[in-house]
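Multiple structures follow.
The same subunit A turns up in both complexes below, where it pairs with subunit B and then with subunit C.
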Partner chain A sequence: MIAALRLEEVSFSYGSVPALERVSFSVAPGERVALLGRNGAGKSTVVRLIAGLQRPDEGTVWVGDWDTRDCVPEQLAWRVGSVFQHADQQLFARTVRDDVSFGPRALGVGEREVERRTDRALEDLDLTAHAGHHPYDLPPALRKLTALAGALASEPALLVLDEPTIGLDRTLRARVTRALLDRSAGSVALLVITHDLTFAAETLERGVVLDRGSLACDESLAALLGDVTRLEPLGLAPPPVAALSAALDLPGRPVRAADAAAALARVARGKPVP
Partner chain B sequence: MKSLTLDRASFWYAATQSPALRAVSLDVAQGEVVALVGALGAGASTLLLVAADLAPRVIGGRLEGSMTRRDRSGIVLPTPWTQISGMAFTVWDEVAFGPANLGWPTHEIARQVNRALERLELLPLASRDPATLSGGELQRVIIAAILAMDPGLVLFDEPAAELDAAGAAMLWQLIRVLAREGKAVLLATSAVDALPDVADRVVWLEDGAVRAVGTPDLLADGAACDAGLGTSIATVWRAGGLPAPYPLTVAHAVRGRP
Partner chain C sequence: MTGVRLHPFTLLTIAAVLPALAWILPAPDGAAATLVVALVLTLTPGAKLTPGASPGNASLWSFPGWRPGLVRLRTAVVTAAPFWLFLLLLHDVPTTIAIGLRVTTMVATFVWLVAALDPARLVEAMVAAGWSASVAYLLAATFSAVPVLKARAQRIVEAQRCRGLSPRGGIPARLRALRALALPLVLSALHEVDERALALETRGLVPGIRRTPLAPPPDPAAERAARWALLLVCLVALVRRFIVQPFS
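Then we have the complex of A and B:
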């Protein structure tokens, strides 16, 4: 099976400032990957390379079987849906519906299909009630969701999301988790940059960590977050649930809230955890 | 001494029928950190705009009731890239933009800028072009730029949203230091897990009105957990069916382990 995304020995510099050095990893269809690391580790640069907004100095970024060096961003949009860190900059239409439908319409799919995709994306993120609003009349959190809905509406094979939960409360984060799990079940590959490790634990399955532009770690996210002693050297802080599991030595060291709650309940009842 | 007082403040955005704030009364004293929590649309960001005297004076709308400030305020908005001056080609000049516009003497501008850069651990980036910074670096620059103006009342809207773990920890500690120095701090945040170590008081806003005010223990309340505003630990404890009172933090959980 061809990977939805593959970085091969990718290096990139902003002038004399190196951002990435020989980074390699891949994301399979349907896989949910967190791209983690400190501020300035090179994560957002990866997003720009995948979207075709930058070209690698060395190495290759493959989107499916396309070398991004041979593609312009409009072509890559057929396969990649991106939400950038500053999602406000992606919004330009007069209504949320027009903004969300721009992607599929620009891809040239029929108008009926544009409507179907737009309706689905708005429903997935509970934005239908805001469809007629101007995006800039909405609070920042809903503007972020509007940009995400636009990426979903293009129905790409790969979603690349840069900090999709900034400013979202727990209810809205759960809404994003639900939408992403649904798309992943339909074989959409996810690469999500986030400092929100609570959201990552609930939503994603693999953790790729960048440290000063180099690949520092690539493994199961639950295993990584469950081993809290390894996080600090990588510039990460354990999410509270993982810290709780470690502090109470909960069996299986769960990192998701529902798993930890179940483990706590069993411990409280004196029953062994399966 | 009170730095900020809202007395039955209600606010309507322009061309809207229903108020974004409803009869909110709130004091923030010098040396105090008050945190605003609430669901989307609860009014926390609007309250900060009123406290900053941006609403209605700059953005329009209508205010009923009153807002009184004893100190000059500075506000860190939730979208740092919209707060950058666009007039500076180095981080140092960006942070100096505000103090320079206050008309301070050059030596005082330099002192405040260097102090703010040091506090936000930005001295290594002082000569960088702000346009080349990562989101988290830019957020620290904006916070430094506000602190360099030495406001007595500091208003933060989601200040840790773009920060990594170390940056967020540094910011929460800095907020406590600001309070010890006598500044009044009012912040809106969805990072409720940080608040037990940061906030003196928590104000729970709901649909523009104050629903509850209390110590951070409020975030272990069953109703707060049900509203999605409890700390992660309290929420997990409650979801596991363990009895109240729910622990607020990991340390509390260890003391009350099942």
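Then we have the complex of A and C:
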């Protein structure tokens, strides 16, 4: 099976300032990957390379079987749905529905299919009630969800999201988690930049960590977040559940709230953990 | 400016006098002279790199000290180039050169001013000179908005391209694309006005209240004299151009 995304020995510099050095990793269809690291580690540069906004100095970025070096961003939009940090600033249509349908329309998708995709994206993020509103009449958090719905409506094989949960409360974050899990179940690959490790633990399954432009680790997110001592040198703070698991020395070091609750219940009942 | 930090009023005076002289002095010689001065100013190393600018040709960038200046020079030339094209379509060559040199002087001077003028220093200088803080902020915000809007425009273009919008093609396609590119910029800028106004009020920027500047920029007597001299030169040129030798 062809990977949805593959970076091969990718290096990139802004002028004389190196941003990435020989970074390699891949994301399989349906896989949910967190791209982690401190500020300036090179995460956003990876997103720009995948979206075709920059070309690697060395190495290759493959989106499916497309070399991004041969594609412009509007071509890559067929396969990559990108949502940037300030995505709410890209909204321009008179209604949320029009804005969400802009992506598939720009790609030349047929009108009936555009309607279907738009309806589905709005439903996935519980935005149907706001479909007729002007995007700028909505609070910033819902504008952010509107931008995400726009990316979902294009139905790409790979979703690349840069900090999708900033400014979202627990309810809205849960909506994002549900929508992303749903898309992932349909074989959409996810690459999510986030500093929100609670969201990452609940939603994503693998962690790729960049440190000063190099790949620091690439492993199961549960294993990474469960080992609290390894996080600090990478500039990451453990999510509260992982910190609690470590402090209580819970068996299996669960990092998701539901898993931690189950482990605590077992310990309280004195039952052995499987 | 390297090492020397001119008073914000001096920078504003230079930025006002250069374009004025470009239009007052006879073309092409006078306009060419002001353009040379303006271009030299844009090349002056030391001012900050224009936000949103990206490194281009590697050979141009091999001497780091000149990078900011080269970026500004490129910005000025690229911004002024379309004016030359339009002028050439509308006028003969001598008129194109005459107006083109003047317009390019204005563009280059503004590019230099945006890079060299620190809005915070301008506010301090204006408050120290007795201006109201709200008027000072209004002027400073205009300058500080340029790089911010430029960076935001770049982000919007990139985001829309990643949604499948092609900014290329025929004129109808470009006009359609323009809506998706310009509207978000205008809408988000307007939307920000409310938030900015609220933030300013909560920080005590209320009209009618006299403020004490925290660190007013130094304004030496020599600089003040130089500013008046520049304005005098402008006035003399104006008198000479329109009264003494009106058709030279």
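Here is the rule we go by: the second predicted complex is superposed on the first by the 274 of 274 C-alpha atoms of A that agree within 3 Å, B and C clash if a C-alpha of one lies under 4 Å from a C-alpha of the other, contacts with A are read in each partner's own complex, and residues count from 1 in each chain.
As a working rule, a residue touches a chain if its C-beta (ideal position, glycine included) is under 8 Å from a C-beta of that chain, and two chains touch if they have at least 3 such contacts.
No experiment lies behind these values; they were computed from the predicted model shown.
Chemist: Which term applies to subunit B and subunit C once both are placed on subunit A by superposition, clash or fit?
Modeler: Aligned on subunit A, subunit C clashes with subunit B.
Chemist: For A:Leu224, select first, second, both or neither according to whether it touches subunit B, subunit C, the two together, or no partner.
Modeler: neither
Chemist: Applying the document's definition of touch, where does A:Gly150 land relative to subunit B and subunit C: first, second, both, or neither?
Modeler: second
Chemist: When the two structures are overlaid on chain A, which partner does A:Leu7 contact: first (subunit B), second (subunit C), both, or neither?
Modeler: It touches nothing on subunit B or subunit C.
Chemist: Tell me the contact category for A:Ile166 with respect to subunit B and subunit C: first, second, both or neither.
Modeler: After superposition on chain A, A:Ile166 lies in contact with subunit B alone.
Chemist: Who contacts more of subunit A, subunit B or subunit C?
Modeler: B
Chemist: Once chain A of both complexes is superposed, is A:Val72 in touch with subunit B (first), subunit C (second), both, or neither?
Modeler: Second partner only, subunit C.
Chemist: Going by the contact rule set out at the top, does A:Ala141 touch subunit B (first), subunit C (second), both, or neither?
Modeler: In the superposition, A:Ala141 contacts subunit B only.
Chemist: After the superposition on A, what does A:Ser16 contact: first (subunit B), second (subunit C), both or neither?
Modeler: second
Chemist: Touch test for A:Thr198: subunit B only (first), subunit C only (second), both, or neither?
Modeler: A:Thr198 sits against subunit B, while subunit C stays out of touch.
Chemist: First (subunit B), second (subunit C), both or neither: which does A:His86 touch?
Modeler: Touch partners of A:His86: subunit B and subunit C.
Chemist: Identify which of the listed stretches of subunit C (9-17, 171-179 or 207-215) has C-alpha atoms clashing with subunit B after the superposition.
Modeler: 207-215
Chemist: Which residues would you name on subunit A as touching subunit B in one complex and subunit C in the other?
Modeler: Shared contact residues on subunit A: 14, 86, 89.
Chemist: What part of subunit A is in contact with subunit C in the complex they form?
Modeler: By the definition above, subunit A touches subunit C via 14-16, 51-53, 72-74, 76-78, 80, 82, 84, 86-87, 89-92, 102-104, 106-107, 136, 150-151, 154.
Chemist: What residues on subunit C touch subunit A, complex-wise?
Modeler: 54-55, 61, 64, 67, 152, 155-156, 158-166, 179-180, 183-184, 187-188, 191
Chemist: Give the list of subunit B residues in touch with subunit A in this complex.
Modeler: 38-41, 45, 78-79, 81-82, 132-137, 158, 161-169, 190, 193, 228-229, 231-233, 235-237, 239-242, 249-250, 253-254, 257-258
Chemist: Taking the touch rule as given, give the residues of subunit A at its contact with subunit B in the complex, in rising order.
Modeler: Against subunit B, the touching part of subunit A is residues 14, 17, 37-40, 44, 85-86, 88-89, 139-142, 163, 166-172, 174, 195, 198, 231-232, 235-237, 239-241, 243-244, 247-248, 257-258, 260-265, 267-268.
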